[in-house]
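Look for chain A in each of the two complexes below; its partner is chain B in the first and chain C in the second.
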Partner chain A sequence: MQLRLDRVTRQFGTRLAVDRFSACLQPGIYGLLGPNGAGKTTLMRLLCGILSPTSGEILLDGIPVRQMGEHYRALLGYLPQHFGCYPGYTVEQFMLYLAAVKGLPRSLARRQTDRLLEQVGLENWKKQRVRALSGGTLQRLGIAQALLGNPSILVLDEPTSGLDPKERIRFRNLISEYAAGRVVLLSTHIVGDLEAVAGQLLMMDGGQLLCQGTPEALLRQVEGMVWETALPAAEARALADRCHVTAIRLEGETTHLRLLADARPHPLAQPAAPNFEDLYLYHFADKGQSLWVD
Partner chain B sequence: MGRLIVLELQRILRRPVVRAAWLGMLVLFVLSGPLNLIMGHRTFTDDGKLVQGWQAVQLERQRAQPLNTVWTPEKVERWLEEVRALLAEPGSFSLYPENRSYDLSWLVRSIYYNNYFSLFEDLTWPKDMVPVLSEDAAARLEKYQMLALLLDQFALHDADSLFETLGREAFACEWSSGLAGFFEILGAQGMVLWMALLAALGTLGIFCSDRTCSCLDTLRASRCGQTKLALARMAAAGLYGAGCAAVWCGAVLLGCMAVCGAGGWDTPAFTLPSPYATLLPDCTGGQLVLLVCGMVTLGCIGCAMAAALVSAVCRSGYGAFFLAAALAFLFLLFSSIGGMEGPVVTVRTVGMCNPLSLVIYQNTLYYAPGVGSWYLPAICAIVAVECAACAAGAVALHCKRP
Partner chain C sequence: MTHTDIPFEDYRIAPPAPEQLEQCRRAARRQLSVSSLRDTRLRTALRTQAEYLGWWFWAAQGCILALFSFFILYASVLWPSGQEPVLPILAMAGPVLTVFSAPHLAKSELFGMAELESACLYPLPRLTALRLLLVGLSDFAVLCAVLLFCAGTAAGWLACAAALFIPFNLSCFVCFAVLGRLRGYPASLTAGGLIAGIGIACSNAASSIRGDVAHIAGPLVFTTAVCVALFYLRIRRGMKEAV
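Presenting the complex of A and B:
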């Protein structure tokens, strides 16, 4: 299975939300990374057929998905960024409703509902009204509904927002198991989640694809550019104004800094192993903007 | 598709506002329906005492019992004798104006009009000529009310053909058939109007709740897609509207028949002691019930689907409510519901296009004489076109891809 985006563009008025985005997605987990307003959600909505591209084409195994209609949507699982449910429904009723909307036979719907609710840790919430769910619990329900029907293409827009660390780990394990033979595209601002599960990263900004590659390959972009140092507060502040600070930690009179710089920024600075946050800031931090907050 | 429709129907019924409205409707129905019919009924006993409520109902049913038999000329003659004897008694009644001469036929018709004059508001009946009966005479004559009606029919129809048509004494059927009570409650316009509004209320949130609950994207990305789901929703809206009418009509009919009796289905509609029934000389009681229930059902379906269309336009349920209320008000403004005033043609034309006016029985009266003619199929066709237009509009609006 190959999902190809061919110069996909989406324009809202005069603003280009997605600009000539091209990528080829094959089975595996893809992490979509980008700052707010980069066009991630629009791209995902285009992939799910909720929006139509202004130009360009999305093709599944060479067939334009707009021609496939119901057959394409049958392969899709989608968790929107702001997932919501009918408040009067119980968790189980809502799952069964969506299963029907997805065209699942009744008995299969019931089986899958039970299994998925158990997998996301909601087996004891089945009879609870949706209106009584907390944000994190609702998000777990959203993940469960996206997996209904064993979709071959799973699109998850910020699936871990609102989840506690334990649930995030559960989610990562679930997705890792699920991804075999399927295309999973997930966007999140919690880069640790992508680090743990994504086999490929797509970084986008201003609606355009900046780069694509495995986490290791992308991390190599910032190799030798990450530095750590401990300095007195005033000196640390001066240094922060000149470099990208990715982390600040205060210990008494000393300020520990983690910095991004092409060359050693301070004689005391030591090279450090890069991580995804460094990579993110390398691409998306505004050059002149200090991350230091007084 | 069938499963989707059932699920959408369940979604309508799960809404708290719909459940609350149904509960309110039930209370309203019990209070102003059969309960009102029973509690509000009053009659005189043979010794002239006024009784009301359930006691009055039972008394009238007892009185109706002997009349509810095969109608023979001998029996009619005997009743006529009783009336003549009563009239011969001095002081049993006086007339206003006093110098007015009378004969039996005039008197009987007077009694008839006195009891049913509201029927003939459009006629120039001299209401000041109605005889003023003494209390005793009124009490004794009450049981001849039906006979008076019978005699009035004598004056209007050929007696022989009437015998053949009826074959059975039908004039006592107020207390052997619940149909009269059914039409009486139906005549209380507010009851049916509330039912139509309930139908509309149920479907007001059918589309816009997706937006307010943030489900829209989830549903759009699902297999069945927007069009199929929207069609299922419109079908569910229509079924819900029909269900509202069926529940309401069924409950009222069953309630009335339980109280008053289950007969009268095959008797001519004009013999039902209901002002509404007299306008349909060619129907049986059963046909009239079907006609009226059909009208109410059509109206409720139309209201439910129009509300669903409004729901597809609006972003929130509140917006849909206010827009629907404004539209309903405009429609009502131009269709002269509840009044005979205004040019009949205008009232009919505008009223026909307004599903809300269909459920108001007063307007149904206008359509009733058209049974068997082009008029009724035309109304059905108009409502069907309206429903189809609502469905198409709602689907198009809801499925419009951003």
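Presenting the complex of A and C:
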């Protein structure tokens, strides 16, 4: 299976939300990383057929998805960033309704509902009203409904927002097990989640794809640019004004800094192994903007 | 040497040309993409939407039918003879029905389900078309049932039909106009306000209907024909396969 985006563009008035985005997605987990307003949600809506491209094409195994229609939508599972629920629906009714709208027969819908609610840890919440659920619990329900019908293409927009660390680990494990033979595209600001599961990263800004590659290949971009040092507060503050600070830790009078810089920023700075946050800041931090907060 | 001269264990079939193989694979994937597990019959989709319209929708329809039928049947008891406001009451039935039914057409946007439903097998335009079909048929059936109760009134069939269906048709026009341009709560509030206005205006105007066939048949037939045409076009547009 191959999902190809060929110079996909989406314009709202004069604003280009997605600008000639081209990528080829094979089965596996893809992390979509970008700052707010990069076009990640618009891209996901284009993939799910909620929006149609202004230009360009999305193809599944060489066939434009616009021509496939419901055959393409039958392969999709989608979790939007925000979603609501019809009043009065319980967790079980919500799942069964979406299963019906996805065209699943009733008996299959029941079996899948029971199984998926168990997988996301909501088996005891079946009779609870959806509107009474907390944000994190609602998110787990959203993940469960996205998996209804065993979709071959799973598009998840900020799936781990609101989840506690235990649930995030459960989600990662679920997605990792599920991803075999499927295309999973998930967008998140929590780079730790991508570090754990993503086989490939797509970094996006201004509607454009900046780079795509395996985490190891992308981290090589910032090799030799990550430094750690421990300095007195005033000196640390001055250094932070010149470089991008990715982490700050105070220990008594000493400030421990983790920085991004092309060359050694201070004689006491030591090189450090880069991580995804360093990579994110390397691409998306505003030039000249200090990330130090007084 | 022909193929029959080659020993069976040595017989090798030439591999297919790469482009032929790719073509076959693509065709096979296309076939496999048609999942036999998905129930895409129209009647199943209608039944699903009817179930998930909710018991309160059907209860409201029943209550409205009962209420207006009660008024019509007992009008002669409730009001002095010759002063039964049958036509003004009938003129309110259509707008009242539409006010209760219209939010169900916009419920996906009202309750934040639009994005989820848009990515399902039945896209949102089709779901809206199915709901429109159900709600429209249900409202029409309720109004026809109320019309049956008008058999014993002095106003006459045509006057009662005009009093029932002309305000209903006008209310539907408002729904089509507003719901196609606004979303969510602004759409519901705007539509509700306009329909209430239509109901009051038609109720006041209904008192002057006196079985005058020439004056009421024309508007009745015209508004009904336009309403049916709009329903048909909306449903057809929603049911067409589109991303």
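Rule of thumb we're sticking to: the second predicted complex is superposed on the first by the 293 of 294 C-alpha atoms of A that agree within 3 Å, B and C clash if a C-alpha of one lies under 4 Å from a C-alpha of the other, contacts with A are read in each partner's own complex, and residues count from 1 in each chain.
Everything below uses one rule, namely that contacts are C-beta pairs under 8 Å (C-beta built on N, C-alpha and C of every residue); 3 or more make two chains touch, one makes a residue touch a chain.
Note that the structure is a prediction, hence the values are computed from the model and not measured.
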{"item": "Combined model on chain A: chain C and chain B, fit or clash", "value": "clash"}
{"item": "Touching partner for A:Arg73 - first (chain B), second (chain C), both, neither", "value": "both"}
{"item": "First (chain B), second (chain C), both or neither touched by A:Ile50", "value": "both"}
{"item": "First, second, both or neither for A:Met1, with chain B first and chain C second", "value": "second"}
{"item": "First, second, both or neither for A:Ala100, with chain B first and chain C second", "value": "both"}
{"item": "First, second, both or neither for A:His82, with chain B first and chain C second", "value": "both"}
{"item": "Which superposed partner A:Leu108 touches (first chain B, second chain C, both, neither)", "value": "second"}
{"item": "Touching partner for A:Gly62 - first (chain B), second (chain C), both, neither", "value": "second"}
{"item": "Greater chain A contact set [chain C / chain B]", "value": "C"}
{"item": "Shared chain A contacts, counted only where both chain B and chain C touch the same residue", "value": "45, 48-50, 52, 69-70, 73-74, 76, 78, 80, 82-88, 97-98, 100-103, 145, 149, 155"}
{"item": "Chain C partner contacts - residues on chain A that touch it in the complex", "value": "1, 45, 48-50, 52, 60-63, 65-66, 68-76, 78, 80, 82-88, 97-98, 100-105, 108, 145, 149, 155"}
{"item": "Complex interface listing, chain B residues touching chain A", "value": "3-4, 7, 11, 14-16, 209, 213-215, 217-225, 229, 401-402"}
{"item": "Contacting residues of chain A [partner chain B, same complex]", "value": "45, 48-52, 69-70, 73-74, 76, 78-80, 82-89, 97-98, 100-103, 106, 142, 145, 149, 155"}
{"item": "Touching residues on chain C, where the partner in the complex is chain A", "value": "26, 29-30, 33-35, 37-40, 44, 48, 51-52, 54, 107, 111-113, 115-123, 127, 241-243"}
